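My questions will all concern the structure given below.
Labels run A, B and C following the written order; every chain starts at residue 1.
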């Protein structure tokens, strides 16, 4: 149906108002909520993902698309049971203790959201205890930690240690990133993955939830 | 944006030194025609030299056009000479070539000229094409063959340097054919022709005659001597600049006396020497500084300028070439340059290099971006945007101001340079020189040039055959 | 020589926009000490923000010193801030280094820091030394450890970056031990220390506190936030420059309110992002153009400044690094900055490279030559010389004017570049990067640094030990909650 096309197109062009309008119209007409999501909202976002990877779209445009999609989702959400909501997974994300760099981590959050993940962005300067608390509260499949300083990246290890102590390590996959971080460091501290940029982070998360589920 | 190497007082001082050189030392020429032209207009004979009077200088400088246009065979190639756009021109006359496959230096061939010209045609920020000098063509008609080859392999404007007036008729004929007749060529010149008198202040027979012929033919002239600090010019940079200015102005004056309003450029090339080894250098910083100085003088006279800039002493496309070429071009462009020559050259303009031309295309792009400067207005100052983002605890990425200016081209997009993450880059670990070489190969393999019509092609063959017959007795 | 990136009127426009930002939007801080300093001196509270009336800004600008000096351990190595000499500073804080032997990127070790500093000490046109960050020292006392390592391996002035105030006490003790006491240190600061508030306009606890500690210690302060166009600052270059100017001035104002006349440096770093990939860039031309604009504002205020300088996005010492570094350095240098930073860096200041430092030494040399300009005098214009040479049908080579100015240094002498004939060059066929790498090796093998006295060295060891003990008892960055 051409309406789905228009909805997807509006997501691609990041037209927040138009996405909400069409979604509402569809809801009023009684279109199946899951279909609105899959054939309209997510279909559009998938195109965005492909185009961004092909360097055909700019970061802020991807962000607008994600926002527009979220606008539509919000309207559909109340109509379906929580368990039916097609979410790829939940990710808790934060910059570690002592570290205030948040541009890269926020970009990762945005790209994950655009890929259909639910992201709990904790912000910066997050102590190991902060990650534990968020894991208990949001029950994510994945925890992502960001560090841009060689001093603070050691807190990634501290967080993983605390996860073990608290008996949570088996319940989540841990991924890390940030300029001084590397694959070998990830292995050294027992993380499940390392992402060198936001797109890699997304692919990594998809791979990890695939394994997890 | 404004960059001045000299204060107004200093500039005046240099100008006065130049005038004094023209008045006291003047020039020497072996062309009677050139001599008569100057004498008829008030210059004076002094021993074996011709000296200029303040009146002649002032009068001639008044008629030089501050701007003119240069065209390509394709309509979209229009260059506004005089607007200080820093158009990039390939290096003329290198006898050698860096082989694209082996990376070895060897003699330039006509096949190189074809491919190199085609590559330049494909590169967005290379604007004017000059020939390298192939060794495998009859040297008696080399300029004729070069001109034909250039016209067959690019639709961009040309710069053809003539050492003498001998081949000029053939060159003109080819240009007429390509432009669609003599009238058309006058209305829309597709080539500028520089001539090079000797330093210090010597207008030998060939360049003097060629200069007059180019002006008579109505094509934009370049006056392009090439003094060397400490050898054919004083050891002080500023002294060489004053002398260089005088020898260029002599040519400019002659052109204006012959035909007031004749379009031309001051094509400065002040070089220097490594005094330890005697190697002639087109390196930084002296080359760029002298070019910048000459440009400021050109602005003072309101005469278009065309120094050499994309050059250096490095023997390969490496980091040294990268910074040398950028230095010379930037210094000249910041002061204000219409054309910057020598693109793609290595080894003090002795060798042309495909990869280097691709790199110079990148440098030209950034230089041309730089001199556009930035606009300051309320919307761009964005105080309200800052206030909104902070009030909403948001992020600039999500603000529409960001998308607007991103799409409007606020950021420069490098035609060549690598900007990936280390991890992505490490997959191929390609140095920029290697990437440039790869791009050069790709472009040569794929780029299509606007062809000449079959009729014009056939006429070209006839012109070359005639040149062969007359110049070589074949 | 004069380079104006902006016209006078444009400078005024950006200045007015800056004042508007400070007055209408102001800053946010979580440091009560910083907050009360500002509020007690005429700034106003507005919601959760502190705004600056124009008078407060203007007054502070008038007390900031136009010139001051920073010294090296060696008396002859002095930085005269305020004279626009474009000193070159090594890049701070890169987590990685290019291994000099293997050419591979790897984590920085203490040995690298020592070697790198010693190489910088040996290079004539590197004037200020800043630390790369080693991974194999206790990270709680890393800045103290770096400072000691630098003092042992160079006699040049230092630039230290304090991410927080935790280590300030020890840094000051270390510097004081070397010059002979805290009083002497105030007169002869061995280092300037820079702090980084967040963009947009956020003075977090640590940078705010560190800023005040530095001023109180009497050391020159650098204010160095780092907005990114389109992400933590507006997408327009000039908009980002205006916001950045406001966040820097906020720090400048605070320093002057705390201690009028205390030496302060504006260190603008407007960066940007590849909006297709999200990579943070320190590349050309935006970095160099924004630096030119920002430095022009500092020049307008008469406040000393630093800019980056020798940076780019290339991953190795290649042609791209060559033109990127020169571009970014030349633009602010022509405006008239005091220090150009990031020498030796690659990959958007994430990696340090020995060969690149040797190459940047060359670029520094040509930049410093360039801003000296060209003197115009009758003798240099040489009209008489030209007349004589032509009259005698001689050659300039034979004229004494040539010998005189050659000896007087009329020509720049490249510390690194190759300028031989092709044939001579072809014997080795060496690219400049390779030549730079070999030169780095040679210098590291031969260069000796004047050592610290045994007593001072012992004292530094003690201070480091104390810092570490203190950290282990809960005073360090890591343990602090």
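Here is the rule we use: contacts are C-beta pairs under 8 Å (C-beta built on N, C-alpha and C of every residue); 3 or more make two chains touch, one makes a residue touch a chain.
This structure is a prediction, so every number in the text was calculated from the model and none was measured.
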item	value
Separation of chain C from chain A in steps, with touching chains one step apart	1
Per Cα centroids, the chain farthest from chain A	B
Separation of mean Cα positions, chain C and chain B [Å, integer]	36
Gap in Å, rounded to a whole number, between the CA centres of chain B and chain A	53
Multi-chain contact residues (two or more partners), chain C	230-232, 235, 275, 277, 279, 350
Residue numbers of chain A (touch at least two other chains)	58-60, 107, 197
Touching two or more other chains - residues of chain B	395, 397, 399, 402-403, 406, 421-422
Chain C partner contacts - residues on chain A that touch it in the complex	52, 55, 57-60, 97-98, 100, 103-104, 107, 111, 127, 149-152, 154-155, 158, 179-180, 197-199
Residues of chain B that touch chain C when the two form their complex	1-7, 10, 13-14, 17, 20-21, 24-25, 49, 105, 200-201, 229-239, 242-243, 272, 274-275, 277, 279, 281, 283-286, 289, 293, 313-327, 330-331, 334, 347, 350-351, 359, 362-363, 366, 369-370, 373-376, 379-383, 385-387, 389-390, 395-397, 399, 401-406, 410-412, 414, 416-422, 425-426, 429, 431-433, 436
Chain B - residues contacting chain A, complex	395, 397-399, 402-403, 406-407, 421-424
In the complex with chain A, residue positions of chain C that touch it	95-96, 107-108, 133, 135, 139-140, 142, 163-164, 198, 204, 206, 228, 230-232, 235, 273, 275-280, 350, 477-478, 480-481
Chain A residues touching chain B - in the complex, by the definition given at the top	58-61, 63-64, 67, 106-107, 110, 196-197, 200
